[in-house]
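Below, subunit A partners subunit B and then partners subunit C, in two separate complexes.
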Partner chain A sequence: MSYSKRIEDELKKKGIKIGDRVKVGDVEGLLMPSPEITGNPDFLVIKLDNGYNIGVKFKGKIEKSSTKEPQRIKKEFEYEVEETHAQSIPKCHDLPMISLISAGGTISSKVDYKTGAVYPSFTSRDLFAQVPELSKIVCFKELKTVSEVLSEDMCYEDWIEIAKECAYQINDGAGGVIVAHGTDTMHYTSAALSFMLSGLSKPVVLTGAQRSTDRGSADSAMNLICSAHASISDIAEVGIVMHAETDDSYCFFIRGTKARKMHTTMRNTFRPINDYPIAKIWPDGKVEPLQTYKKRADGKVKADTKYEPNVALVKAYPNSDPTIIDYFVKKGCKGIIIEGTGLGHVPTQNKKYSWIPHVKEAVNSGVFIGIAPQTLYGKLNPDVYANGRILAYEANAVHLKDMLPETAYVKLGWVLGHTKSMKKIKDMMLTNYAGEFKERLQPDMFLY
Partner chain B sequence: MSYSKRIEDELKKKGIKIGDRVKVGDVEGLLMPSPEITGNPDFLVIKLDNGYNIGVKFKGKIEKSSTKEPQRIKKEFEYEVEETHAQSIPKCHDLPMISLISAGGTISSKVDYKTGAVYPSFTSRDLFAQVPELSKIVCFKELKTVSEVLSEDMCYEDWIEIAKECAYQINDGAGGVIVAHGTDTMHYTSAALSFMLSGLSKPVVLTGAQRSTDRGSADSAMNLICSAHASISDIAEVGIVMHAETDDSYCFFIRGTKARKMHTTMRNTFRPINDYPIAKIWPDGKVEPLQTYKKRADGKVKADTKYEPNVALVKAYPNSDPTIIDYFVKKGCKGIIIEGTGLGHVPTQNKKYSWIPHVKEAVNSGVFIGIAPQTLYGKLNPDVYANGRILAYEANAVHLKDMLPETAYVKLGWVLGHTKSMKKIKDMMLTNYAGEFKERLQPDMFLY
Partner chain C sequence: MDYQKLGFKAGLEIHQQLDTKEKLFCHCSTELSDKFPITVERKLRAVAGELGKVDEAARYEFKRQRTFFYKANPETSCLVELDEQPPESMNKEALHIALQFCKLVSANIVDEIHVMRKTVVDGSNTSGFQRTAMVGLNGKIKTSKGVVRIPTIQIEEDAAAPIDRTEDTVTYRLDRLGIPLIEVATGPDIKDPEHLKETALTIGRLLRVLNVKRGIGTIRQDVNISISGGARVEIKGAQDLKLLPKIAEREVIRQRNLLEAREELIKRNASVCDEIFDVTDLFKETKCRFLKNARAILAVKLERFSGILGREIQNNRRVGTELSDYAKTQGVGGIIHSDEDMKKYNIEEMDAVRKALNANREDAIVLCASTRLKATRALRQVIKRAKMLLEGVPEEVRKALPDGNTQYLRPMPGASRLYPETDIPPLVIDEKTKDEVEVPERPERIMARLKKIGLSDELAEQLFSSKRLKVFERIYAKHNADPVLIATTLENTLVALRRDGVPVENISDEALEELFDLYYEGYISKEGIPDVLTTIALNPGKRLRDMQLRKMSEEEVRERIREIVSKNKHLLKQHNPFKKIMGEVMKELRGKADGKLIAKIVKEFI
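After this line comes the complex of A and B, so read on.
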């Protein structure tokens, strides 16, 4: 799309070209082309010196700027911002067909330029319209919005809805699925989908953004491009595909049960814990495997979504109050994951703070107690220290090896959705369904 | 110390030298020298092929082994183990005088070779006796045992006792203090000492071991040697000094408020979070600063140990039960740290799971609610997303920037020991007492 005739005429008259430094009222920056698919032709798109793109309604005046050096914008910008709406969705050519599910989050959000705050508001259509490169990689069977919340507000009902939609899309012909999702709890959702998508035979790729998509420094375009490549790869697993490094080099495909958000702001926030990434995904489409994975195949996917949400995740620490276990048991909680210290310990010998009687009583009353590593990295081993042995063999808690606490929590709800037998729960919790356990940890997995 | 005449005679007769591969009954391995200071001269020390050293009582028979290649030991070893006791403690020469406080943990533990489990049992004297190199670096004003528990059993009373002992030792002439401590909760203790040691003018160095000291692969010797160097450095801060890498290259001196145990088993488990290490400490004594720090000075240290233990640390996650806040408030809890998602969020818009009413009510009833990053790395910012603003400005929770959840929890107990005024609590929680906040985070601090 080009700018309106009014704007084009004015640019011609002033000898202004795309990329020139311009002034429009108080706004100064580089003139950008009008967006390919979306965009109001009467709004000028200006890249500010702080890297943000803004849309400024054209009111008849634009000038070449005499300033050569970028300046820091001091004033908060308060200009009208263009409303983007997808005009059309490209039709499929000879490209692989996938589906995109928008589940809210920053990647589908917009900045309110008045307050600076970010709200979820885009739809899948908008998302796609923002990254026209996608149309050269895949064709979209469907762009579906299942949620418009930020991810801290997602709950198991959302996981179920997304899982069902993924299964539906794949069984209906999609060769892969991209799930656009908020980053706050993306690793909880990726774990849930990993367990819920039974017999998965195609890639299910979660992606998101650390900066909202209409900001200049947004990471969403590359994340979506890499996710498109990942969705047509032969990796038939649930994974998170986002920036691997601080610059726009490549993305990681991280197994859904082994991923964790590890930084509040950096774009390479998602890291594999006790695992290698499955692959590096380059924006040019190269897929560089770093380990073995489940391969693309035929076959229907089942959304196995039975879920018991009444489970809890708690942490053991010095002076911690172990009656928290009793509280959850009284509230009808069916299972609890404790983030234990070190190799899987809780306060034990100090009578005032010992968790042992509370864990023992919970287990005796039929509540499953699992232990996961508070350190995040490394494997538990209850046998090294006396306290570990007491927790495992006297109180009958189950040490969950190298499983992430968040993954263990999500898995426990899924397991409890399937059985109430304590023996079966334990068996299922220790069964490797979706790569949640790693047979051999390697030293270089630490802080990968 | 050499072996007993009985053993030496037998070795001579058989032509066996130290380092030879020998067989003693069922035990096969390399013959090690008798320990320098400790050691029973009637026990042979054999290095097994799995790297463990064991002591085997000499019963008259030892032979050269014909096996050339190390073999895997299949059988669990069940031999009598020598009892080590320090025979003497070297006197001070012209070396800097420091104190060593043993607070239990693996570094002061022994393996029970019958069960393979590890128990705390050594004293400071034993510790020192195991690493005779220390006597060339420092002289010990005092070797004091304040605790013999593993660190998961330590509580705030132990922190207070250690803080008081550190202050006493420094005010009584020690140029620095080493605290031998279990690793499970070492970072909680290092945070506590950071806040409790007011006007600290000498190094207070916590160190420990990931493998017990009487095992061949133990990391304690280098950790103690580096800690001795650190204790006589000009770094007048509380810090953790342990392996920086997987091999025995050097240690980090990590600020006590910015350290976290990040791996269950690896010896380089302690990492700086949102900070650089203060320095690299090399076993040869070289101290390589990596950032600014508080310098050694004169002046008395005060143990400011008033502490309110009735505080809690909880985590917000999908489907999490926010009534946990009410529970802690009802139990008389004076402050709660919530590990929030992303930039500092909790479930907000979903009425069924929203934490907002509970946080609001807790704050209104005079309970301080602080938010710390669940990601561990990065800084919080409540202003970017609508949900963050609701938590900060409607529910009046306090976002604690880049402070570690564990540090925030320990600090809150210390702050509440000093004031009950909500305004003062908030001011103190946001005051940088001991490097718990970092002014500028750098990208390369991530996964350091």
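After this line comes the complex of A and C, so read on.
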């Protein structure tokens, strides 16, 4: 809590603590903490007996109240899950064994008084307690928390940790893994896991929530239920399982290298790009495959987590400053993905803005330059326009077909973790390791 | 009845929709839609409030596992209503109206507004909660029976309106969701049923001086009632103020009868068995059609309850009805109990059931037929409610029925339904802002003013309650003449035209102002007003001035009348030729020239 010093002093003097029943002028109720970021430190937040909070401007006086609070108001600040659900992991009755890894995000968040906003603070155990239906679908081998940050704060070390944990769980007997994750960068993590989990023989399902779990309409319950079904399916791939529609109808299982968050707020934010979903997953357990996929099998998984973090993702746009390339090269960057316009272009002919000399110089100095589509949809082709040919054959940038820019960026770090040879890098970047390329695109993949 | 002696306590919660341009937390229109091209399907779950408790009402709804369908129109809902986008900041216009109301009832405006989420999982809010905020505290109003306190004034978003229900689904329309409301709650200072009505009327009149919506469904009142030894019961959905005293009376009767029933049960040392028995097999050969087809028939025994379930507690409602209401929440059609006439159902197996349950004549039996799961759940509710009979009157939310009776709706929600709306930062209302909110003219002053300019009590009252008051004031201020003509046009004429099927909702306030401008410029006669209004209504969007209205000169009028008279010479020979000729002339000239002038010229020809 963060009330002003004046208030804090007065509270100390009177021996008043947060949660005490107080009287300020003619207002009486429980003293609540002040929301740290959006709150005003000079206003006392009082919870009235009817449950409403109000802010009361502090004018120097606050007293402990002598009247008793109505019985139905409990002095409890810790989140407490409904008792019947709060028991530890229930016993399994011949259900498939999977593991759940919590990596933070909205799906594991609740109201936080420090910031006055939603912030991760549930554990895997809480998640499970929130969705008791899961106990009828799967048996949890382990519920493990690896991270408690929102997804924009995640970094490659987290990807590595999650990858290692997934491999460990599968090799240790889990028939599948669910990773609860923040949605903002979930598709980066799903791409990373897709490349890092070598020889994957079980489903690894990432899921999250667009509505916080503290509300009745949270999408997390259905996402988790469908993810549980996905984790025991025969789809041995890394994928994202979240709402397919704004309705609470069914989820998509989208390949980890082909998924992208496409809406800031909607439940059905994750869409397959240049691909179909692998399957539709219904909350009742029905799995409807929409394309071929790698099937569940025996065998150990290897967490191949060698990673070179010194890579960058930049965007070419009208009037863009190409010296951004020089900047990254100078910083020691080993590879750069450029989101090119259209079929894979950068400003070329106008001397003042041309990226070509900078790309050329970077490549000559041993930095890999890959081009990915900023349109997201469709495949690049450097041969159609002169500018594309200049970029590909004079500047030696590599056009990465229909690979998503984020996937290309993550892949580049992984490839550079494995080789420094320019030729090898190029070969690997163009090799289809985890469904990141789609040979044949179909019209209905667009805006799927 | 001596209400004081009974310990009668009543309070009101009045919800009034505000007539703002946009909704409380988004930019959608607050008008209603008639078409809903979009349908979205959702489920809701019970969650814990800020204090960690899962609210009783929320848990109850979650157990029902219903599916909700939301019908949306892009004009009146966006991603915010669909729970697909966080709320925008609070609508300033709505807040201003709420603050004005605070001033009208001398309430203290809070220093800092915190928007809260009130857990509502009956599906009427797509998010699973209603956004609501306390804006005023400790107000009061005067009534004929003393001061009634107004402890709280809230601003909140209206819920979605249900349009269809099945056993497991509810369909809502989203146009109403998010329309700003103010909720005004009184203290338990209401002394008797008539006082309840008076208080509701007084608050309603205060609200009506503000920019609020008018018409059916724009104001709703909930009533809280208790008597000594009884319990607080919240009655929802009383739309008609006239029904309030009756609802209160009947609730008092119900509570008294429940207390009497309790006394009797205690005397008998009655008890409720938790066990639910399966008696399906006993009804294999039954003559009762609906029991014969039932998937499962379950029964419970209420020891020494015989005769109690048949007791009437409200007109045509028995103790058994209370049990049945609880059972019905689980999706069953109802229950059968042993105080009913079994011949009515063609049931001959009751003795066998009694035997199976080891029940004697003093005990009551309740049967429920449905699927095994539903019947079990329903009878659990029956057991719960029967146990409450031994305690007295349960605190609960009830629904007002059209005849003034009430029916169980859901358990009473607690304070644990509220937790902070973290998407909206707290909003400081500084002293300057508080001071600058102007106090609107009070209802009694508006009425006095209307009467002073010459309106009858009835017309003044009509206008006061009407959404056309503002346009009346503008027109009258402009021309400073004919208040009665203006008022009757805005009220009576428009109502009459609506009854005739004229789409008067197409007539804007601006068009009404223009109509009177043209009237005073002489382009429209008094008699022509209804026709012109009809024309406006049938040509929405067109300006009256552009409709080629033209004043006829006296000579033109005389010329037309001359023609009409010469065509109708036979009428001159009939009885009262003036009236007959006038009739013919008016058919053609109504609205095109002043009636007095026409009459004068017609007389010239007779």
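Criterion: the second predicted complex is superposed on the first by the 357 of 448 C-alpha atoms of A that agree within 3 Å, B and C clash if a C-alpha of one lies under 4 Å from a C-alpha of the other, contacts with A are read in each partner's own complex, and residues count from 1 in each chain.
The rule is short, and it goes like this: a residue touches a chain if its C-beta (ideal position, glycine included) is under 8 Å from a C-beta of that chain, and two chains touch if they have at least 3 such contacts.
Please read all numbers here as calculations on a predicted model, not as lab measurements.
Engineer: Specify the partner with more touching residues on subunit A, choosing between subunit B and subunit C.
Structural biologist: Of the two chains, more subunit A residues are contacted by B.
Engineer: For A:Arg296, using the defined touch cut-off, is the partner it touches subunit B, subunit C, both, or neither? Pick first, second, both or neither.
Structural biologist: After superposition on chain A, A:Arg296 lies in contact with neither partner.
Engineer: In the overlay, answer first, second, both or neither for which of subunit B and subunit C A:Thr265 touches.
Structural biologist: both
Engineer: Let me test your reading of the model: by the given contact rule, A:Thr246 touches which partner, first (subunit B), second (subunit C), both or neither?
Structural biologist: both
Engineer: A:Leu150 in the overlay: touching subunit B, subunit C, both, or neither? Say first, second, both or neither.
Structural biologist: First partner only, subunit B.
Engineer: Determine, under the contact definition given at the top, whether A:Lys64 touches first (subunit B), second (subunit C), both, or neither.
Structural biologist: Neither partner.
Engineer: Considering only touches as defined above, state whether A:Lys164 meets subunit B (first), subunit C (second), both or neither.
Structural biologist: A:Lys164 contacts neither subunit B nor subunit C.
Engineer: Overlap the subunit B and subunit C contact sets on subunit A and report the shared residues.
Structural biologist: Common to the two interfaces on subunit A: residues 116-118, 246, 265-266.
Engineer: Considering the complex alone, what residue numbers of subunit B touch subunit A?
Structural biologist: Subunit B reaches subunit A through residues 116-119, 149-156, 159, 182-185, 188-189, 246, 261-266, 268-269, 271, 309, 311-321, 323-324, 327-328, 331, 341-350, 352-353, 373-381, 383-387, 389, 406, 409, 413, 443, 446-448.
Engineer: Under the touch definition given earlier, write down the residues of subunit A that touch subunit C in their complex.
Structural biologist: Contact set of subunit A toward subunit C: 26-27, 35, 38-40, 43, 45, 47-57, 70, 72-82, 111-112, 116-118, 210-211, 213-218, 221-222, 246-249, 265-267.
Engineer: Under the touch definition given earlier, write down the residues of subunit C that touch subunit A in their complex.
Structural biologist: 40-54, 58-59, 62, 79, 82-86, 108, 110-114, 116-121, 126-129, 132-134, 137-138, 152, 154, 414-420, 422, 425-426, 428
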